[in-house]
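Read from first to last, the chains carry the letters A, B and C; within each, the first residue is number 1.
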Amino acid sequence: MMPLESKIEGLLFFKGEEISVKKLAELFSVSVSEVDQALGRLSDSYVNRGLVLVRNGEMVVLGVSGELSPLIESIRKEELTKELSKAALETLSIILYKNGVTRSEVDYIRGVNSSFIIRNLLVRGLIEKMIDPKDTRRILYRPTTETLAYMGVSTISDLPNYEEVSKSLTNTLAELTTQE
Amino acid sequence: MESRTTRTYNVRTPSFEGPLELLLSLIEQRKLFVNEVSLADVTADYLAYTKSLSENDEAKGIGTVSYFVLIAATLILIKSRSLLPNLALSNDEEEKIKDLEHRLRLYQIIKNASVDVKTSFGAKVIFFPNDRSWSGPIFAPDVQISVTTIARSIQDVIHNIPKKSEPLPAIEIKKVINIDEMISSLSDRIQNAMNMSFREFAKSHGAESVAEARVHVIVSFLAMLELVREGLIDVIQNNSFEDIHINKQHSPEIITQ
Amino acid sequence: MMPLESKIEGLLFFKGEEISVKKLAELFSVSVSEVDQALGRLSDSYVNRGLVLVRNGEMVVLGVSGELSPLIESIRKEELTKELSKAALETLSIILYKNGVTRSEVDYIRGVNSSFIIRNLLVRGLIEKMIDPKDTRRILYRPTTETLAYMGVSTISDLPNYEEVSKSLTNTLAELTTQE
């Protein structure tokens, strides 16, 4: 049986964002003081490790040890300035022309999995997530306003061959629905 | 193309995606090992299934049937040798038989492994973190992003979307000699007649007896399916027990006789 | 001074996606074998922890321990598709246990054309293409790290009956080559 601190560790890693001690207690069906103790043990276990447990009042989050921040900075810079690959440009073009598309739709159109590329486009602020208004469980991707501005396009339908392209994308996706 | 009775038949026949799956299932049903003896044993059942496929299974499409036929040719060789131990086979034919045994063993290993894969798949998933929100997005464009490059990229995307009907796969096959002869004969006759009846074709091979005629029908049938696999001819069968009409492909206007 | 494995840990945590052993060696200005050793120590340190180090060939990534799978699934918004058709299972099994296989080899073993199934597996991110290092004109298919994660294993050799299955596959394939 895995100790509580390990369960909390896995959860914090997965979430990648702040979570309250109270919420942790609820999730694991334990008391707040049990969570407190587990957090203490988790924090101790990170001595000389690459991770650190940051606690801000009632909120906790997992972070990278401060010693590594120069390295993280340089990697982040590299990520942001690296030239976009052909695959990334293709993915961006689908998201531009389709304006509101799920990851699996992008995958289907490209014939390969696009999760890493989408992640990178998100980090670079080129695309953003939105909840599908028709189905709140679905996440759609769309270009950010900055991207449109950068391209000098005031509205999506100004893109070259907009009608034709969006029609053939829609037709391809219709096949996906009939298949399922 | 399908009558009501054939549909009921479909329901009762377990569906096999490929010839190796069917063969292995026939051998395993008999609790046999994969070898020449067990292959000879199941040949009749295999041929019966293949025949029912080509007659009844509209959904499979004739393209799939051809995979079954390829293996059927080798099985007929194996069966012939089991009946006539003196029958001399060419090196090529011997190789084909060995190759089939190998493929079946490989397939058996994979089929068994896939049972374990099915059990483990999704049972205890290792998750990777959500999209990182600990380093919020910073707008970082790339000089390549312009209307021109994006328009070009989307054209590449559309160009690479696979067409719905892909051509029949061109896998390499070493044909059994008898089938080869049938094919060249069939091809020649198609050149001349452009449209002929299957019965007429089988008959024209000059069978001496009823038994021999039956063999001709089977071999001709296999040869014909081989041609279909290669996309050379189209087969039109109006009803299960009716005659099959053969046409050269791309000539739909001369279907009627 | 922080040990190499802790630096790698912090970096993998930050990246949140797979990274190659070679890239790690570059980033920390150490040799590939030093990275290998450090990865071994890191992996060992995760026994009974909430994290797990998944290694797929030359790629490594941090994941949440499979024991926490039910919890993570319950808080995740997107649902996992765990269904695989019989044909997809067979094809995936070949690619998993053979780890680097051409499409015609898959066709040969299955006795039917597998291009449609392979495309589906690519789209789902369960397999990926790679150039055959021995013959650059050939394309090989191999499992993705995602697939290992779906199977709950941190390395390919942890697959059920891995030794036995891959050995009998290799032996049977070898028989065929000698005979030719």
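Observations on the structure shown:
Simple rule for what comes next: a residue touches a chain if its C-beta (ideal position, glycine included) is under 8 Å from a C-beta of that chain, and two chains touch if they have at least 3 such contacts.
Bear in mind that the values here come from a model prediction, so they are computed numbers and not experimental data.
Every chain gets a centre from its CA atoms, and the centre nearest the mean of all protein CA atoms is that of C. The interface holding more C-beta pairs in contact, when B-C is weighed against A-B, is B-C. If you average the Cα atoms of chain A and of chain C, the two centres end up 22 Å apart. For this pair, chain B with chain C, the centres built from the Cα atoms lie 32 Å apart.
Centre to centre, using the average C-alpha position, chain A and chain B are separated by 44 Å.
Counting partner chains per residue, chain B has residues 127, 129, 131-132, 135, 162 touching two or more of them. Counting partner chains per residue, chain A shows two or more touched chains at residues 13-16, 110-111, 119. Remark: chain C residues 14, 16-17, 52, 54, 61-69, 72-73, 76, 80, 82, 84, 86-87, 89-90, 92-94, 96-97, 104, 107-113, 115-116, 119, 146, 148-154, 159-161, 165, 168-169, 172-173, 175-176, 179-180 touch chain B in the complex.
Chain A meets chain C in the complex at residues 2-3, 5-16, 27, 48-51, 62, 64-65, 67-68, 71-72, 75, 104, 107-108, 110-113, 115-116, 119, 137, 139. On the chain B side of its complex with chain A, the touching residues are 127, 129-135, 137-142, 144-147, 149-151, 153-154, 156-158, 160-162, 164. Considering their complex, residues 17-21, 64, 67, 71, 95, 98-99, 102-103, 105-107, 109-114, 116-129, 131-132, 135, 162, 166, 169, 171 of chain B touch chain C.
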